[in-house]
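Letters are used for the chains, namely A, B and C, taken in the order the chains are written, and counting of residues starts over at 1 for each.
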Amino acid sequence: MGIEHTSVPRWPADAPPFDPRARSATVLALCADAEPVAAAWAAAGGAAGVPVSSCTGDLEQALRHLDADMAGAVVGWRLLVAGPEAEVLRVRARATELGAVGSEVLAHVTGVPSRRVLCVHCDAVTETDEPVGGTVACAGCGHDLHLYHHVSRRLGAYLGFLTDAEERDPAGAVLETR
Amino acid sequence: MTTTSLVPAASELAQADPSPTVAVTGPGLLSLRVQAVETAADGVRTVTLTGADGGALPAHPPGSHLVLHCGGRRNAYSLTGCGTRPRSYTVSVLLLGDGQGGSRWVHGLQPGDHVLADRPRSAFAPVATARHHLLIAGGIGITPLLSHARAARRWQRSFELLYGYRPGAGAHLPELRELCGPRLLELPQLPDFLAAVEARLVASPVGTHVYACGPAAMLDAVLERADELGWPQERVHTERFSAADLDPGAPFRAVLRRSGRRVPVPSGVSLLTALEGAGVPVPNLCRQGVCGECRVGVLAGAPLHRDLFLSDEEKAAGDSVMCCVSRSEDPDLELDL
Amino acid sequence: MTPDLDDRLDLDARPLPRRVREFPFPFPTDSYRYSTNVEAAGAANPTAAGAWGASVLAVDEFYVGDATECAGLLAADPSRCQELPHMRPAVWDAVLYVLTQLERARPDYFRLEDLGEDRFRWTNRPLGLQQSFRYGDDSTLPTDPLRWLAPQVQDDLVLLDQREGALWADAGVVTAAADWSMKFDVGMSFLEVHGPVPRIHPERIISRAQDFLMRLQPGEEYRRTNWTMTVGRRLDVATETYPEWGPDRRLVLAQDLGARLHLRVEVQHLVRLPSSGAVLFLIRTYLLPLRDIAHVPQWRDRLAAVLDELPEDMADYKGLTRYRRAAADWLRAAGAP
């Protein structure tokens, strides 16, 4: 497309290195593909004498682990998280919500097997393997949504809106929700 | 609501004087009067200023500073109030030994004296998302942090204030004790101060931001130690006043190739204003160096770029200049006008 | 929803109605491209039909109708109002600023009495509203301050927090969004909010705009305009309600273009709020149908030229693709002898 979309995140191919200035770290692996990266981070931390708290698991487990670690962490702490884009965005959003600044969160995205799409009409979030620009059936209201190139870091989701709105008759009220 | 007194606008003063030596100041100056002075501690004078007409003063974020026009010099002093709805401005000024003039001038102020100042400028404001504010004050560096503490109380923010001062030189102590209660640590012994700072830098909860103000050596030490302890730079804020912030720029001369005219550009007056004052109109919009409208071709002389519009390559080429904010490295700057 | 205006202009009517005289026609030339088109606020901007912009807030004959519509929209969809937890001080700062500006714009309609010790009494005559409150004390207002304020001002409000070298859209109340969504965008950086806009990123327009905004000092006020077109006199064209207004882009081609197709102009005021340091965007939307545009020959011809020349990607982003040729044709026909 040749247009820079600065709300859609772009991920470098290589994982960022363990931050040599860290004094403590939480390392999260959100899928099997992420485990080698997480292990390398943990090893680097260990070699530097930095206490590392690791978790390999699904998103819910990772978020619980993160909450617990951040409750006791002191400045000098870093979060290193690896996994699919949708889960990494959620973890990063949670860390920010709890007070982390940008450089305290190091992320590696192993791939984008799915995207979360917020239906701006009914507020449901639909997980899909459609690409940006594709069409998704909303899990909430059932309508076809255009998967738009606009990402909310806070929600960890792409914007979806009615794809064929202009072809339809005008809706008199908010779309029916489930 | 009464407005503050403002001196006349630059447009009223834009006569092209062949060789001006006095800096012409722009609009937005505050005309203030000294309401009270007191000795706050050894060598520290606290001055309270009100609007010359007695009205409300411009509000400002915590940690802001006021640039006073100290008889030919311009010096910045931190405002101690929280800034929400000020009816007065209070600054505390340490008399500097080498007495260059600014602090000595302020120490000479008496109630009733008239003072000109720029509007408050903010360069050291608290971060709204901070979970905890660690305030570290050394000596006269207490002044902006008193402002921070007031704001933190008003908005019920978590904070702690470490105040290191030489015995007898602690300013604003009664106010601070009442305002901060147990959140204030008074540390008149240097080793205790250093130990307290070290302990906090080692073990502050994630979400803490640190704000430090004081002697340059103290700030450098805090920055260095915080860096060693893995503090992200976004969490560490220091207040230093640099001459560059207040620099009105050296005077120079704009030579207009096409008309043959020579337009003097005094210190403190933008090239755009000087050209307009000489009856040479230049298209302009933002007057802040960002929109690109006032671009003028440079035929000789090196421009001093201060804009946000030209790319690095364009600036290096030196063949155009944004005349609303940029100046000249050379005494003469030849323009395609 | 405010219905389409029913009256047709008498071709010989002089003076032109207020809505035309005060319309902020946004095109300085016959073609339009994005630029960092900021200028200082507060001075009247003359146009071919009159002038606009003498005050930061404009209160017009649609005030009560717009207030009712805003209140209705917020009641039906509270998510139009968003506020992240750290933004309450900025919200209060915005409330005081807006009430002050409303009184300044129309002292016959609005009164803000300062009762001392942060207490105020606010009177809004057109809405028959009186409210005593204490600055910063949420319990003294009947609802969230932003929600309380919104129907009383015809502008949308977006508040940006400055930290970590960027601006963050962390609060806002928006009931006249031109195809965007406050509930989706809340929490985004300034660059992210403008992510989907074509061309502005490689051209550094948006990063320059952010640099400019981050350098604003307390109290500074700037403005710029933005534009698109809307079918019907409809303020709420947020992405949420796209199913309601989207089809009109197709249906309008079979309707009276002169009456239904409106030029939609946003006057955005950009203000560094003085005590919180947040940047406030005030977004005021003006709608004028083509048949009113046609009564000002310079506007008629210029809008036709802009619509003809606008590149496809920009027309597409602005939602004009279906009808822009028809609109340009209509304007030219209106000008034919």
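The rule is short, and it goes like this: a contact is a pair of C-beta atoms (placed from the backbone, for glycine too) under 8 Å apart; a residue touches a chain by one contact, two chains touch by 3 or more.
Since the structure is predicted, the reported quantities are computational estimates derived from the model, not experimental observations.
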Point to revise | Chain pair, A-B or A-C, that carries the greater number of C-beta contacts | key: A-C
Exercise for review: Name the most central chain, where centre means the mean of Cα atoms.
Suggested key: C
**Study point:** Separation of subunit A from subunit C, taking each centre as the mean of its C-alpha atoms, in whole Å
**Key:** 33
Review point. How many Å are there between the centre of subunit A and the centre of subunit B, using C-alpha atoms for each centre?
Key: 40
Practice item. Mind pulling the residue numbers of subunit C that touch at least two other chains? Key: 164
Exercise for review: Could you check subunit A for residues that touch two or more other chains and list them?
Suggested key: 101-102
Study note, to complete from the structure: Check: subunit B positions touching at least 2 other chains come out as 129, 234
Point to revise | subunit B-facing residues of subunit C, complex | key: 35-40, 86-90, 100, 112, 114, 118, 135-136, 161, 163-165, 170, 204, 208-209, 211-212, 215, 217-219, 222, 274-278
Check your understanding: Where on subunit B is subunit C touching in the complex?
Key -> 1, 58-61, 64, 82-85, 119-122, 125, 127-129, 154-155, 234, 285-288, 290-292, 308-309, 311
**Study point:** Residues of subunit A touching subunit B in the complex
**Key:** 19, 21-23, 70, 73-78, 98-104
Check your understanding: Inside the complex, what are the residues of subunit C that reach subunit A?
Key -> 76-77, 79, 164, 181, 183-188, 191-196, 198-199, 201-202, 239-251, 313, 322
Exercise for review: Would you tell me which residues of subunit A are touching subunit C in their complex?
Suggested key: 3-8, 101-102, 118, 120-121, 123, 148-155, 159, 161-162, 165-172, 174-175
